[in-house]
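The block underneath contains the structure these notes are about, expressed in structure tokens.
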Amino acid sequence: MLEFDKSQTAQYGDLILLVGPNKKRHIIFLNEGDKLHTHRGTVVLDELIGKPWGSEVITNTGGPFYLLKPSIYDLIMELPRTTQIMYPKDIGFILLRMDIGEGNQVLEAGTGSGALTTALAWAVGEKGRVFSYDNREENLNLARKNLSRIGLETRVKFKPRDINEGFIENNLDSIFFDIYNAYDYIHHARSSLKPGGHLGSLMPTTNQVSRLIESLRQNKFLLIDVCEILLRFYKPVPARLRPSDRMVAHTGYLIFSRLGS
Amino acid sequence: MLEFDKSQTAQYGDLILLVGPNKKRHIIFLNEGDKLHTHRGTVVLDELIGKPWGSEVITNTGGPFYLLKPSIYDLIMELPRTTQIMYPKDIGFILLRMDIGEGNQVLEAGTGSGALTTALAWAVGEKGRVFSYDNREENLNLARKNLSRIGLETRVKFKPRDINEGFIENNLDSIFFDIYNAYDYIHHARSSLKPGGHLGSLMPTTNQVSRLIESLRQNKFLLIDVCEILLRFYKPVPARLRPSDRMVAHTGYLIFSRLGS
Amino acid sequence: MLEFDKSQTAQYGDLILLVGPNKKRHIIFLNEGDKLHTHRGTVVLDELIGKPWGSEVITNTGGPFYLLKPSIYDLIMELPRTTQIMYPKDIGFILLRMDIGEGNQVLEAGTGSGALTTALAWAVGEKGRVFSYDNREENLNLARKNLSRIGLETRVKFKPRDINEGFIENNLDSIFFDIYNAYDYIHHARSSLKPGGHLGSLMPTTNQVSRLIESLRQNKFLLIDVCEILLRFYKPVPARLRPSDRMVAHTGYLIFSRLGS
Amino acid sequence: MLEFDKSQTAQYGDLILLVGPNKKRHIIFLNEGDKLHTHRGTVVLDELIGKPWGSEVITNTGGPFYLLKPSIYDLIMELPRTTQIMYPKDIGFILLRMDIGEGNQVLEAGTGSGALTTALAWAVGEKGRVFSYDNREENLNLARKNLSRIGLETRVKFKPRDINEGFIENNLDSIFFDIYNAYDYIHHARSSLKPGGHLGSLMPTTNQVSRLIESLRQNKFLLIDVCEILLRFYKPVPARLRPSDRMVAHTGYLIFSRLGS
């Protein structure tokens, strides 16, 4: 994913993914002299230099790991966090549904630990910009650190402001709300979106969804869509194919709308 | 989305979206002298020039429409088609899950009508490339026309070849199979992916999934994930919030894997 | 299911099920001289006499049908109706969840067309009783006719009363509400249930569910459970096993509780 | 549910349900001098005598519990078990779908711990009979003990036989298979069902489903239906209504069919 990952083999300085049995992921920098300690034994990182991506790596106790470059999906799933994060099942749909692509200027209200921020920065590309608002400094610091680790922090402007005061930017392509009371700030979105711009939100409860729909209508937003996404995994065994025993039942409802004139 | 959509108002030459009651979408070029005929009356396109995006437009019989720029989601949902297309609920997850972003080189086996091709071309940006294989010329022609309409055809190389003969490209970031017997061609994917590269597929039946998992294992692909995505819409009525009566129950199972060394 | 269905073959007077291609069901009485006219041709009913259940029957135009005794599931699915009915996916769970079995005395608020009434009368057996309230005479008449057709009307007392006035019965095993504003009548349920008795309801909207939970709490009901059931069918093709294309996305939320002292 | 539960208050000898916070259930006999030890303190059972069902009970450390008669649902959910049991979401639908009611003669292949056996014995009533086959004595012993505890063992004939040898009974109303290789025994079901009788099965994997469909067709069973049931719970909080975080993703696929002549 990252600019400096041109080679086909692991090199010092690379951010690497080591995946063990049960798909447990470890994402670390390949620093000289470092070791990775796992329940399945220790990996001496120096021994990974020059190995092709996709190689098998064996710990000192015989535990098998795979060496890979982390994908944006891996990075989101393993993001260091202090808050509930958004999940790829929702993020993937949000990006496509809200037309968030190369060169876009998008605003996020509610940075949290930076999971969606990471995906937005990835999606808008080098020429795009993400404006991420949160009134908690500790959230912004963690998110900045998380983005910095993967070289995407230059695409993001972190905004330590109370959303009550509105957004500074205008003519934005899209705005996403990941805060409890998004319905209280829809008039601010109205001022900052370009004509026909996209608004989205994720809300955990039905009561919030009802209030948000009301607020969107009062602020003349168009084409309100409400939906939810369920992701079910299967055990990948050809002769005994079946879904996993348990699954995530709910992350939140997704609400989408466009700014009317 | 498109480069030439800089202005805040509709201009001749724009590809526009007119959305009527019940969210019925019409996507057309704003050509001088043209009219859009709908069940709710006629819209004289010349009258739209200079209107801001998000404006309400009234037909000669009083039918209300909204004037918008079509998003990538709108374009996929309304794609002129002769085959079953992939749906945004799957495409959004595929793009994120397979790390398909700015500057990527991706290959698609099975162009169909070009729905996924459209999304891939959008996601890889100006510097990326999509190689789309299909052995039916009529599919390629329709997909080319669909991509051309939105200015993305320069990012795509259409390949009128039988996949049996393998792929010409190599060192690709990712390959997606949308063909019935993907399991027969996994060795070709092995030759054309870069180390650790992403492979994905959508398969409608459980029998195909079992066969594909077997083939992936035989070809030493790693970290096989199988899942399915369910999308449920809600009626956006604040005081009577509830899911829609019916929904899509199945499009296909998604399979993801990475190339091992 | 019915007492008079002792024989292994079809006889005059039997209520029969004829199932055609695509599982289209016809439920009729086997009356002398009658014919069943379908899109696939005509069946002369007299020719069915003496045929074993499970036999294939051919229409005058060659259309194949199967001759069966209708099950309680068939009867509910094909119930003549003027209102939205409850579906077996919900009814089956309700019966088990609310412990509605042999000899029970149960009350239903909202007869509708009698789908749940049919299932309740079936479940409580010969010694049980169902009290079914509806203030619309036309509903009670249709439900009575539907129950009568299958010989279960003697187990049901139809009550043409406004629920506002409360229920006459007391010490009931369970009460089910299938009316819009169930939350307005929970105090009546309190008076009519036995200690620890079961209360259930199906509500289409989230707003109703919130109000019902509040009312149950105010009336000291215990152990409130809220859930929903999704039923997905598969195409029964061994070599191409997959879910159907579309499904019912929502019938209603189910709410269960027990009377506290 | 049970015959001897006529009174409105708890008496010695009653099987009781004590439900604590988080809906943790304890099902025990109310024996003189006994105590229930829980994480929330101790309940002296003698103090429950004469209390109405639905009463609140306080442990010695102040923990609140509710005193209730266990329902068939409670009994199944808390069944002492050594095997995976069937769940109410599936059982409720099975009973209704297969027309299993008062006076029926039903056979179950695969007793397991007796969860479905319990539900079948409950559903067929006093005049019905359940024939439950299992070739493991330890399964039959546990199931017998479980049925005996709730007074339903007289309705069940336990059969310590290998299903390979076929079933002794014939003219049965319905047969349910809860064994791995049900597809190997469908010809036995053919001999033992009455004309038009119901066959059902629960199978965890798609591969088993494919094989079962094939076997049903070879044995001229009619109207094959395959489905699965998803049950999602909600947090019952009126002002913050939302689904639970996690849910059961899969128990098994349900297959239904009727015997053709």
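Side notes on the structure shown:
Note that the chains are named A, B, C and D in the order they appear, and that numbering of residues resets to 1 at the start of each chain.
Operating definition for what follows: a residue touches a chain if its C-beta (ideal position, glycine included) is under 8 Å from a C-beta of that chain, and two chains touch if they have at least 3 such contacts.
Bear in mind that the values here come from a model prediction, so they are computed numbers and not experimental data.
Compared with subunit D, the chain whose C-alpha mean position is the greatest distance off is B. At the interface between subunit C and subunit D, over half of the residue numbers appear on both sides, which makes the contact a same-residue one. Rounded to whole angstrom, the centroid-to-centroid distance between subunit C and subunit D, based on C-alpha atoms, equals 21 Å. Subunit A and subunit C have Cα centroids lying 46 Å from one another. Put simply, the C-alpha centre of subunit B and that of subunit C have 43 angstrom between them. Shared interface positions of subunit A, i.e. residues touching 2 or more other chains, are given as 206-207, 210, 232-233, 239, 241. Contacts from subunit D toward subunit C in the complex involve residues 1, 8-9, 19, 23, 51-56, 66, 68-69, 71-73, 76, 88-89, 91-99, 101-102, 119, 122-123, 125-126, 171, 194-196, 198, 206, 209-211, 213-214, 222-239, 241, 253, 255, 258-261. Listing the residues of subunit A that touch subunit C in their complex gives 206-207, 210. By the touch criterion stated above, subunit C contacts subunit B in their complex at residues 204-207, 232-233, 239-250.
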